[in-house]
Amino acid sequence: MAHKPPATRSDYVVFRTLQTRWNDNDVYGHVNNAVHYLMFDTAVNGWLLDNGLLQLKHPEIVFIVAETACKYHAEIVFPDVIHAGMRIEHLGRSSVVWQIGIFRNDVQTAAAEGRFVHVHVRRQGLKSVPMPVSARGKLQPLVR
Amino acid sequence: MAHKPPATRSDYVVFRTLQTRWNDNDVYGHVNNAVHYLMFDTAVNGWLLDNGLLQLKHPEIVFIVAETACKYHAEIVFPDVIHAGMRIEHLGRSSVVWQIGIFRNDVQTAAAEGRFVHVHVRRQGLKSVPMPVSARGKLQPLVR
Amino acid sequence: MAHKPPATRSDYVVFRTLQTRWNDNDVYGHVNNAVHYLMFDTAVNGWLLDNGLLQLKHPEIVFIVAETACKYHAEIVFPDVIHAGMRIEHLGRSSVVWQIGIFRNDVQTAAAEGRFVHVHVRRQGLKSVPMPVSARGKLQPLVR
Amino acid sequence: MAHKPPATRSDYVVFRTLQTRWNDNDVYGHVNNAVHYLMFDTAVNGWLLDNGLLQLKHPEIVFIVAETACKYHAEIVFPDVIHAGMRIEHLGRSSVVWQIGIFRNDVQTAAAEGRFVHVHVRRQGLKSVPMPVSARGKLQPLVR
């Protein structure tokens, strides 16, 4: 709960547009805190799919999630459209630390800021596997 | 399980575009059957909101769901984009029977067909309340 | 929307106890209509697992969902405990039509009644496969 | 990603038993990372409800979530039964920092460890409000 000001759009490198759903709003009339993690998964895996770094059918090697976190600065509410900003904080040998900013509609400061740690593992046994050079080449431009 | 052929896009009057999410895919690698109902809620309530027939903040009168159903003709899979076709099968005094077709990407036959029965009620006590004439006027063009 | 009275516990053969979650409550303060389908999936697949009729790891033959439906008679609300009553309405060669009653806490009439059609298929290609005699033998006592 | 060993049951003060659902398992056959947050919400709010610190109907003052985090040590899989261990890391004037351990079945080391920051606010405007003495008295025994 440090008092750093919320991130702005310029803190991120690429963006993906995500919809909210009616059912994301909870009893308090705002998007429930767990839904942000559905958005992180969708943004990161959507980007990986679009860039050929994720295979949907029977992959032997996958990215699994080792750690996640989120700070909530402001409410988001269905039917808001979300712009998920993404950058890579750390590109390791077999791990990627993503930073994700959740921006609602045309608001310029982040409604929420997430951290999402992916580890590149063999599905069988969950042992980490170094990412191939080609994968690192695609991820490198997102490092900031 | 009648052997009527799946609906086509021409069976519906208005369409809404919906995203799938990574987490919609279940252990079988396709969108889980319950997710279709999240889509129905989002399509119908999104349309109602856009047309001024739904209020998000502290409404006294709401549409609640009395009955739902879905037939699944074909798999949908994240990251498919969904086109939800909508028409009204029956416009009652205080109820609306929606028919919803779930179309994936540019496929012309429905991957799933839903039925979604809304009842117009007072939130307190859940007693049905006739829809105002203005609401019926907005819903009427969707009846087919 | 026939005016048949809600089912009672005696209409079902076996029961499973299910929890509600905080996030099941939607903006209207009750469990959202789609959550009932998560409960159907959990009750039916939980029973199949317990009876050796479902395999979690890399199954070649699975039950997939062809059709679902639910009538909502009364609200359920987190933290209600749910008793899901189950019976088989139709035991086909390669399909099972389940009826599921959702009972809240110690209420004797159903808060909701669901229909859940499972088809026994080869995962690859989704062609239906007759259920083995041993499976039918386990399912038969639930037919009513 | 510090290399502290996973927590054990003795690190927590109170426990709540939670079910997994069929649909919690994602395409990798394990409970998706976002589901852990549904469990945190359910465990914490369930405890608050049981102890008279949360009101479900039209509360003016609520606990909202300001920050969440989770480290995943091991997979959990439906139909595992979860034992959610809880303790309070910091009891502030108007905030509570919860630590939550997710234990599967009878495993003694945590499958996941969460942090969940609640702030006591007026629903209208989201301004923080000091917790009453009686609430602090109920929360105090969980501080460790």
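We just call them A, B, C and D in the order they show up, numbering each chain from 1.
We take it that a residue touches a chain if its C-beta (ideal position, glycine included) is under 8 Å from a C-beta of that chain, and two chains touch if they have at least 3 such contacts.
In this text the structure is predicted, and so the values were computed from the model without any measurement.
*Asks:* Touching chain A and chain D alike: which chains?
*Replies:* B, C
*Asks:* Give the label of the chain whose average Cα location is farthest from that of chain D.
*Replies:* Centroid comparison gives B as the farthest chain from chain D.
*Asks:* When the centre of a chain is set as the mean of its C-alpha atoms, what distance in Å lies between chain B and chain D?
*Replies:* 34
*Asks:* Averaging only over C-alpha atoms, locate the centres of chain A and chain B and give their separation in whole Å.
*Replies:* 29
*Asks:* Taking each residue of chain B in turn, which ones touch at least two of the other chains?
*Replies:* 22-23, 25, 27, 29, 32, 34, 38, 41, 56
*Asks:* Have a look at which chains touch which and call the overall pattern line, ring, star, complete or other.
*Replies:* Its topology is that of a complete graph.
*Asks:* Any idea which chain C residues touch chain B in the complex?
*Replies:* Within the complex, chain C contacts chain B at residues 1, 27-28, 32-35, 37-38, 41, 56, 62, 64-72, 75, 95, 115, 117, 123, 126.
*Asks:* So in the complex, which bits of chain B are touching chain D?
*Replies:* 22-23, 25-27, 29, 32, 34
*Asks:* Show me the residue ranges of chain B that touch chain A in the complex, using the header's touch definition.
*Replies:* 18-19, 21-23, 25, 29, 38-39, 41-42, 45-46, 49, 56-57, 77-79
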